[in-house]
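What follows is a pair of complexes built around subunit A, which joins subunit B in one and subunit C in the other.
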Partner chain A sequence: MSVTAPRLADPAPEQLRPTVSSRRVVATLLRKELLVELRTLESVPAMSLFSLATFVIFHFALNRGSVEGDLGAGILWVTLLFAAILGVNRLFVADAEQGGFDGFLLAPVDRSAMMVAKALTLLAYLLVLELVAVPAFAILLLGPSLWPALGGIALTLLLGDLGVAVIGTLVGALAVRTRARDLLGPLLSLPLFVPIVIGGARATAPLLAYAHRGGLSGRWLATLGVYDLLFGLIAYALFDFLLED
Partner chain B sequence: MYPKGLRALSISTVVAMTAALALVFFYAPLEAEQGFLQKIFYVHVPLAIISLCGFVLGGVLAIQHLRTRDPRWDLRSYVVIHISIVFAMATLITGSIWAKGSWGHWWVWSEPTLVSFLIVFLLYATYQPLRFAIEDPERQSRYASVFAVTAGAFVPMNFIAVRMSTAYLHPRVLGSTSNLPGSMALTFLVSLLAMTLLFATLCNYELTAKRARARLRALKRRLAAEGEPQRTPRSAAPAALPVQPSTAGTAS
Partner chain C sequence: MTRRYGEREALRDVSLSLPAGRTLVVFGPNGAGKTTLLRVLATLLRPHAGRVEVLGAGLPDDGWRVRGRIGLLGHEPLLYRELSAAENLSFHASLHDIRKSRVEEVLEAVAMTARAQEPIRHLSRGMVQRVAVARAVLHEPDLLLLDEPYANLDPAAVELVAPLIGPESGRTRVVCSHDPGGGMAEADLVLGLREGRVALLAEAPAVSSEQVTELYQ
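Now for the complex of A and B:
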């Protein structure tokens, strides 16, 4: 019984270097993902509906008509992250079950393109989710008006979404070909989301308070940005290894 | 069967542990505020340091595995992470006891190190389920390595983020080792050395056991030749071990 390591160590396609520019590959993949989502409407409506139901649950669980400040920011971020996990769980399922991975691996293109395309897909899902969930949150639960703080909240959410998209892509790819796919996805992603919750909730809390005192703190935005960047690099470096068979 | 240095390593661990405990109980002075309770510091802090270093080391070994595709690196990474998880659990328990003793609560959210530790522990608690959930041994080791690298990089990032989130800090014992009186610092350093040796010994024993089991399985398989199929116990440990019947025991 010998080891197969040497054979696996040098994959053949060294000569078959990408002939198509990565940007075009990413654009094509992204277009395909969004088209599939538009035709099946599998993830985004479920995520949006989930977030609405969660707001209702929070209303009854906390027994409050309106929230603000820390509590409001916490509810918003928890709901968005849990809804994001639904999307993460579905992100690679079609590729794993219907041969999307095989088809992609057969094409002479850079493999990291898939990671970038999937992260952008997840980012798009999250942005649409927030177009539904944030107004709903403002109407259903938020005490103070959203308008004065809208810019800051949008910026914070965008930074948080970048991190969630990158982590979600890595975790989704890691979990999709395991037996307990739906269990491992959330278990793996929740601890990795903790720094995003810290940065995001702390940054938005003063914006959602009755007295718009704090304003946007650059410290938390910087935390989110650095975390996004570092995890982006990690995911980019490691994603290829998940696609080898 | 056993690797060469294992006996010497085991003996030095026992000696170091005994010396450390003797120093803790008979040499180190009682701390003015916390009294006897403060002695848990000599167990808790080394455990924490070693398990965090172990997690990062597991990530480094996993990088080596991804680069070389040698399953032995995966086995090392697995063993280091496994023992680190055990150490981390001990850290959480001792930390909790210390918190109860000195602050009156089993859990204190304002202590960032404790909180970060819990998050890191929760993440690593999925390492074994992840391995269990993948059948193919080659893919299992590859995915586990990707996880180990990600989580290893996450450890310092998480600590920084949680540290930032805490408004005020308790006076920190760790990080101010230079402020400790000499006798306490010496005791702490000996305890740290003893814990490091304990970690190395446990890792070596587990590695030896895994290699021995792989070799045994290979021998059984050869004995049974075309007999009935071997029943392999379900395990999260890397299965694809290189079996070199002549040197399997001595290779480190």
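Now for the complex of A and C:
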């Protein structure tokens, strides 16, 4: 089977390779993602409200005035990761339901740009979520003051967010093509998030303790960094295949 | 060429060649494989057997060579509902590395300039289809793949988009249609599909409308 066109219209092969720079494609996709989220307010408000509700539930369920140390770090990280799953589940829905995948796949661009743009979108969602959730956690649950440890907590959260963004993008792209995407997203994400919870909570726990408040644990930060890098490479290698039929 | 979905063969042993600048009109009842054929030609689906060549590129391996030269107008408009027509077209223009003034040109060509800033979800189906036509021809593709392109369009709108996607566009076209009269009027070559197999393949002058109608019985 063949469909032809005038030979004069055929550009040379080197002119046919993706000509738009990947950076520009990522910027175009990211702008579109943020514009759609600003108009619909589907993901970030839901993630933020979920985290606030979870802190309130913990506040009453634990029946104690405040938490600190290991318990505080655990509550913070588990809440943030569950909230992140809401964002992961919505990340590709507009593309799947409104033909965004096809529109993108028909363009002569590097397909990995979508992976980078989606990961940056999820990262932006997580950062906004944390701007709401971390102060709320400090007010509703945390015993010790947050201020002395703020820099360390921010760095740890950022490393965790990078991993969540990359894994979430990979899982979201896989799940959205299935009928059971609302189930598959959390089922695939949660096991992959476990090392992030462990590394994040262990690195954060000393910063949230009353006594023996220590500095950042280089070991756990390095663990988070290596995990981020590992999944960054896996996502880069696999993403093109996830977009194929 | 053969294409399967699981065990089911959506297309089987479909074989044809379409010369440049000509129009192939594909008829067939629902589920005959028309949309699958368009998606394979658009490089969105992989053929599972056989050889497919589009604009000189073998699929699926060389699909990347021709993606920017194909315009697809399918059942879905490929437009984000929350974005305006202008924003959607600017988005596609960026992906295809096209000058922004082209967006205004195509919006004017489909008479959507006045409503260009409204979200797609606020537009009627006919207007959305006109914007989808603008999107499909935005990058001046060599090959147009059209799945019932005049659906939702009133007669005036059909006339409006004809220079862009009709025979007078001069492009190589593959058009899926359920309208024997309208389809035959613009066909150079006719393909009839039934359950994924070729039931009719001939030059348009040699095909009667009865033969097309029989495909649906």
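Keep in mind that, in the parts below, the second predicted complex is superposed on the first by the 228 of 245 C-alpha atoms of A that agree within 3 Å, B and C clash if a C-alpha of one lies under 4 Å from a C-alpha of the other, contacts with A are read in each partner's own complex, and residues count from 1 in each chain.
In this text, a contact is a pair of C-beta atoms (placed from the backbone, for glycine too) under 8 Å apart; a residue touches a chain by one contact, two chains touch by 3 or more.
Note that the structure is a prediction, hence the values are computed from the model and not measured.
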First (subunit B), second (subunit C), both or neither touched by A:Ala154: neither
First, second, both or neither for A:Leu184, with subunit B first and subunit C second: first
Which superposed partner A:Leu106 touches (first subunit B, second subunit C, both, neither): second
Touching partner for A:Leu131 - first (subunit B), second (subunit C), both, neither: neither
First, second, both or neither for A:Val56, with subunit B first and subunit C second: neither
Contacts of A:Val194 with subunit B and subunit C, given as first, second, both or neither: first
Touching partner for A:Glu244 - first (subunit B), second (subunit C), both, neither: both
Contacts of A:Leu229 with subunit B and subunit C, given as first, second, both or neither: neither
Common ground on subunit A, meaning residues reached by subunit C in one complex and by subunit B in the other: 1-6, 9, 244-245
Residues of subunit C touching subunit A in the complex: 1, 14-21, 24, 41-46, 50-56, 64-70, 72, 74, 76-83, 87, 91-92, 94-97, 119, 135, 142-143, 172, 174
Complex contact set, residues of subunit A against subunit B: 1-6, 8-9, 170, 174-175, 177-181, 183-184, 187-188, 190-192, 194-195, 198-199, 202, 219, 223, 227, 230-231, 234-235, 238, 241-242, 244-245
Subunit A-touching residues of subunit B, taken from the complex the two chains share: 66, 68-71, 119-120, 122-123, 125-126, 129-130, 132-136, 138-139, 142-143, 145-147, 149-150, 153-154, 157-158, 161-162, 164-165, 218, 240, 242-243
Contact set on subunit A toward subunit C in their complex: 1-7, 9-10, 13, 16-20, 24-25, 28, 32, 35-36, 39-40, 94, 98-100, 102-109, 244-245
